[in-house]
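Which chain is which? They are A, B, C and D, in the order written, and residues in each are numbered from 1.
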Amino acid sequence: MRHPVLKMEGISKEFPGVKALSNVSFELYPGEVHALMGENGAGKSTLMKILSGVYSPTQGTIRLKGKEVTFGNPLDAQRQGVSIIHQEFNLFSNLTAAENIFIDRPEMVGRFGRIQWSKMYDEAQRLVDSIGGGEIDVRKEVRHLGVHSQQVIEIAKALSFQADVLIMDEPSAALPENEVKKMFDVVNRLRAQGVAIVYVSHRMKEIFEIADKVTVLRDGAKIDTRGIEEVTEQSLIQMMVGKEVGQLYPVREQKQGQEAVLQVKQLSLDSVHHVSFELRRGEILGLFGVPGSGTHTIAERLFGLKRGTGEITIRGAAVKINSPSQAKAKKIAYVPPDRHRQGIIKPMSIRQNLSIPMLPQLSKYTVLDEARITEMSREYMEKLRIKAPNDGQSVDFLSGGNQQKVVIGKWLAANPDILILEEPTRGVDVGAKAEIYHIIHQLAQEGLSILLISSEMPEVIGLSDRILVLYKGTIVHEFAHGEADQEQLLQRASHPLSEGGHL
Amino acid sequence: MKRLLNVHEAPIILFTILVTLLFSILSPDFMQVENIRLILDQNITMFIVAIGMTMVILLGGMDLSVGSVLAVTATSVGLFLSHGIHPWIAAAMGICIGVLCGMVNGYFIAVRKIPDIIVTLATMYIFRGIAVGISGGTWMTNFPEGFRFFGQGNLLGISFPLFIAVILIAIFIYVMKFTRVGRRVYSIGGNGPAAKLAGISVVRTKFKVYVLTGLLVGIASVIFAAKVGSVQASTAGSGLAFEVMAAVLIGGGSIFGGVGTIAGTMLGVLFMGIVKNGLIISKVSPFWVDAATGFLIILAIVINTLQRIRQNKGKEGDLV
Amino acid sequence: MKKLTLTLLTGVLALNLAACGSTSGNQPGNGGKPSQGASGSDTRTYFINPKSIGPAYWAAAEKGAKKAAADLKVEVLFNAPTEADSSKQINMIQDMLTRKVSGIGVSPNDAKAVGPVFKKAKGQGVNIVTWDSDAPDTDRQYYVAPATDQEVGELLAKTIGEEIGGKGQVAFMVAGLGSQNQIAKSNAAKAYFAANYPDIEVVTTVASDDDQQKAYANAQNLLQTYPDLRGIIGFAGGEPPAAAEVVEQAVKAGTLEKNQVAITGIAVPSVVKNYIKNGTIKTDIIWDPGKLAYVTVYILDQLAQGKEIKDGMEIPTVGTVKVDGQNVFIGTLQVTNENVDSFDF
Amino acid sequence: MSAWTSRLPLKGNKLIVQMLLLFVIIVLFSFLSPYFLTVTNIMNVLNQMVEVGLIAIPMTMIIISGAMDLSVGSILAFSAVCMGVAYERGLDIWISVIIGLLAGLLCGAVNGYLIARHRMQAIVVTIGMLVMLRGLVYVINQGRPISGFPDAFYFMGQQYVGGIPVNAIFLVVMFLLASFVMKKTRFSTYVYGIGNNEEVVRYSGISVVRIRFILFMLSGLFSALAGIFLVSRLASAEATSGTNIELDVITATLIGGTHIFGGRGSLSGTFVGLLIIVFLRNGLNLLGVSVLYQAVILGALLLLAVGNKKFNGE
């Protein structure tokens, strides 16, 4: 009875020398949330790009509501009812929310080419309200809005085109855990309105929570489409990876000492108030909180990117950390959350990226000691299993996982005592994730003290020896090893008394 | 929205008022209707060229060639006049030459996608060479009475060039706020790739902006020639580009694009005009005029930067 | 590879263009002879170097230099940087020394800076004559000028002093605050006022940096700042027309009475013709830059042929010149309503 | 040369087009003018390119780091006049030179303080400094040129050693030194890093503020050096010297293949770019080509050659 709103048949896509997709078929029905899964490189993004009009397929047909269509460009696809929300938002931070939704749209232009601002504001507010974004003022410039609000604007923009099909690429990646719930509310509303949603995510938990069906791609081919009730986490991973995967999280042996390497007392700055904790030798200390709770600010403070009050002691000695270089001198390392903006210098080579923090030690009278740099970069490429032909390769050409390993590697080379990891596996595929977890584990075994900040709860729970939960800038709870599960963690992080809103 | 706009330009407004007060105290002649009219009158060219430069800077570009375009246009108008062409036709032809220059810039920047600094640096040399070349090294002067109307005439009691400038400013404030072209300029400057995804033709918009800038410089140069009464191709408009750019940035524009308003820029021009006039009116030693002007420019930028820092503090959340 | 070729082609093309440009540009100057490489032993070549290229004054001078070239059957190269920049000017003189010209006529932007290059020229046996602006204490052989800066400055001061009746405020407009000939002339004028018109007060000196619009704005600001202003002296070619334009506009607008502000200065007659006819400028001081350049070429040619330079010597088309030591003076002209139409520059 | 340089994806050693262009210019002018390919002429050209060349060194670094310094010409004049005034007041010439250099450093420090420390837009700050310093030059000496320096001082700008101008030797040594720094030292990694992604460098525990500050200090210092060499060559310190020199410097840098948005470029490229423009100008001068055509040719070259993607080794 029901007809698919979208039917892709026999889609193939070839790039010079590479076959990215071969003979993939895909059906999408109104009012369903269809998860699209696969490891990085499996062909997900190519398929999405074909669907959203960025690429045209080498072979195959796309039918929309029974009619065969071709998309000339993304705008064309949008006009025909297929919209995509990219992981990285395409918003104009200098323009208002309303204008972002209705940018360059003829329907907002009145007589004599005059843009009807009041109509635009009204309609934008109505759209945003309809998906539960009532608290957003559409007259505000986007740069003043938070991430969730920005996502709502993106969704509203897609809906403003009367989208039949909405593709969401890693929609939860940028969102705090409590706001993922809000996003699900929005998705559920859309589903109820009959919008078909393609949901792309690496996060298993979300898939089981929101999706109706799941399609798995591997090596450019479709493996299968199944109802969500027909699969388990383990079977999905197996479909994606194609073989049994080992344990994702290594077993932690409680080997850390009692000696406190880092002590923080009464740290206050921005939205962080009187935070005190200690990090022991060889310990992985999880720091969990929704964004805005202050976890990120603490990391920035410890690495000297921000200044504030409070006392920081390393091995019993009070230290001043007012700049990253001072932090580095105190043997603190920081793997920042945004790899592309803060972690790697793309056009530069692996060896240059790896050696950057260590150059003063790797040079004599500022002249670079090439032999030692080669030795060092070879060592860490091997140790972290960075896959590249040689260390002169530009990091731009590496996969996300390997890029992330470069970021970790450049700090390991600096031989730190304290390693702050923030979102160490963001945008990294399952295989690389497991590798990175093993690396983290091994580092702790070797005696490195690690502060782990992540918005992925399984990661925090699976790796940490202890977990501190932050809420509105203060530590509200401490879980010992093995004590926490996801529900409890989330509950503490979003505070029992006021569900949700962190604003 | 209005309130927000006011906040954005608040520091430069305050600073301008402060400088005005200072000059009023230093010299009783400063706050005279006559002098205010003089300041406006002296900066007509700047006002008009700055409209174009604002759009260019909003796109995230810059135009170093405006001074040379001014020279080429003014010189050709002078040539046309000396051949006895009717002033109105000569002016129209001159403006067309301005548009042509804009098209050259636009072609290389938008269509050939060569960085704007390189293109306009190159055309700065080229247009200047052409200007001096066609002038044959002589001055364009002794314009007919009919032509002087563009620079000195009166219309409904106010000076004609001022009238033109006000109309142009009004038109372009409207264009930037209420038309798709204007909003496209903001969107491209704010996030180029996203603008492309939204189906905005970056090429066409950029091209249009440079052509419009050429048009505006063309109009400005007719007024310039008619007002000053003589054109020396080798020096006319030299230093104009930097001065106008400074005005745009003082008026709250960002060199990275996307931020700024025509109204703000006009304030920036006014600020520079007030400084230059005020220093002379207050009988400051001529040796100090340039030094003081430079110092005030830097001060204005410092104030703008402080404002931007203050604004950014009001951000929601800490992930953005 | 294709693009690479294209780029190179462009470069070659540009250069060819340049070569063509030079040929056609020089032809009128040497009577239709091809210019390149023609500076062999049979043709004497002179490099005439003004302060910059562009101003009308120098364009008029170029005509005179080219005329001299035709009359004397020599080759004249007339070139300078586009801006009055001493370093670029000296680079150009050096390049010309390389070309082994027979003589060089320079209007130096900086009298001291040309010292070393003049010395070098002398070492190579190249004759150097300064014109329009002098470089004393260098190896130049002659200085060709209308009169000394002192005389010109005094003449200007005398003119304005008579026009305004010997008292009131006078403002000076100069091309550059750092330019020596401007300083010399304005100082002479000031000294003349102090000696002869003690009631004349020089209120200020403003500089336009050779920018017409700036000169214009300067004049506007002068009228605004000094309501009692009686006179303006413009010491360079761009200043009197700007001042006259502003005064005429103010008179028309009714903010200034006619003849309230007297203007004099140095300006090419064709540029100030209308202002003189309107009576805004009563007297303008000028000399024929063409004749100045003509004499320069003539003197260089005499030197090259080893002939003597004598006081009162007759130069064709120019007339007799006064030679005082190393200075050659052709005399100044006063442009007034009566004779303004008789000038062809 | 070493494994390091050959592995750098950034330092576009692809100067083929530039070299060819230079070659074509030299060959063409040799045919057109018998004086072009003479030792005196070449030494002349070398002597003339020193000021622009000296400033081009830090300018290349600054452009690679993603900024720009438009105030160099004014710093040049300011330092030259400071030196001149100091000498006039009776100080020893070499102490005056040091005062001139310190003046340049001070200007660079002001630029650096505002741009690096307070993250102001470089173009705007340096335009402001351009106007202000030029004004200050007039304040200091009322616009009079200063001259009458001792002969020992003129050695730097006017003398030849082994037939080569002293200042050209100095320039080449500086270029070699700077080239070494921009290839072999960690400073270069930082500069290229900042040009490509400033945040990463900051997050690597390196003080971006300090690197930027050093760059603008260098720019001030080299502009002052250029000023002193100019005075030595011309025997006169003038208020107008160095006007618009920034345009020549930037043109040479861009023709040399340095990317206007930073992250890419090389000093060897800049050196070749410099040779291209000075030989072009010199050749055209020798042919007696009017400067007007010269400007047009330079503009066309910039547009058609630098605008060409191949030219930048892309």
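The working rule: a contact is a pair of C-beta atoms (placed from the backbone, for glycine too) under 8 Å apart; a residue touches a chain by one contact, two chains touch by 3 or more.
The UniProt protein names, listed by chain, are A = Sugar ABC transporter ATP-binding protein; B = Autoinducer 2 import system permease protein LsrC; C = Periplasmic binding protein domain-containing protein; D = Autoinducer 2 import system permease protein LsrD.
Predicted model, so just to flag it, every value in this text is computed and none were measured.
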Q: Could you tell me which chains make contact with subunit B and subunit D both?
A: A, C
Q.
Keeping to the contact definition above, tell me which chains border both subunit A and subunit B.
A. D
Q: Average the CA atoms of each chain to get its centre, and name the chain whose centre is farthest from that of subunit B.
A: A
Q: Report the inter-chain centroid distance for subunit C and subunit D in whole angstrom, where each centroid is the mean of the CA atoms.
A: 32
**Q.** Centre distance in Å when subunit A and subunit D are each reduced to the mean of their C-alpha atoms
**A.** 45
Q) So, what's the distance in Å between the C-alpha centres of subunit C and subunit A? A) 71
Q. Mind pulling the subunit D residues that touch 2 or more other chains?
A. 138, 142-143, 292-295, 300-301
Q | Residues of subunit A whose C-beta touches two or more other chains | A | none
**Q.** Touching two or more other chains - residues of subunit C
**A.** 53, 82-83, 177
Q. Which chain pairs here would you call touching?
A. A-B, A-D, B-C, B-D, C-D
Q) Quick one: in the complex, what on subunit D touches subunit B? A) 70, 114, 118-121, 123-125, 127-136, 138-139, 142-143, 247, 250-251, 254, 260-261, 292-296, 298-303, 306-307
Q | Touching residues (chain side subunit D, partner subunit A) in the complex | A | 2-4, 6-10, 184-187, 189-190, 192-193, 196-197, 199-207, 263-264
Q. Contact residues on subunit B for subunit A in the complex?
A. 1, 4, 177-180, 183-184, 186-187, 189-191, 193-195, 197-200, 258-259, 314-320
Q.
For the complex, give me every residue of subunit C touching subunit B.
A. 52-56, 58-60, 62, 82-83, 177, 204-207, 210-213, 216-218, 220-222, 224-225, 227, 238, 241-242, 245, 249, 252, 255, 268, 270-271, 273-274
Q | Touching residues on subunit D, where the partner in the complex is subunit C | A | 16-17, 20-21, 24-25, 28-29, 32-35, 38, 40-41, 44, 47-48, 51, 138, 142-145, 147-148, 154, 158, 230, 233-236, 238-244, 280-282, 284-295, 297, 300-301, 304-305, 308-311
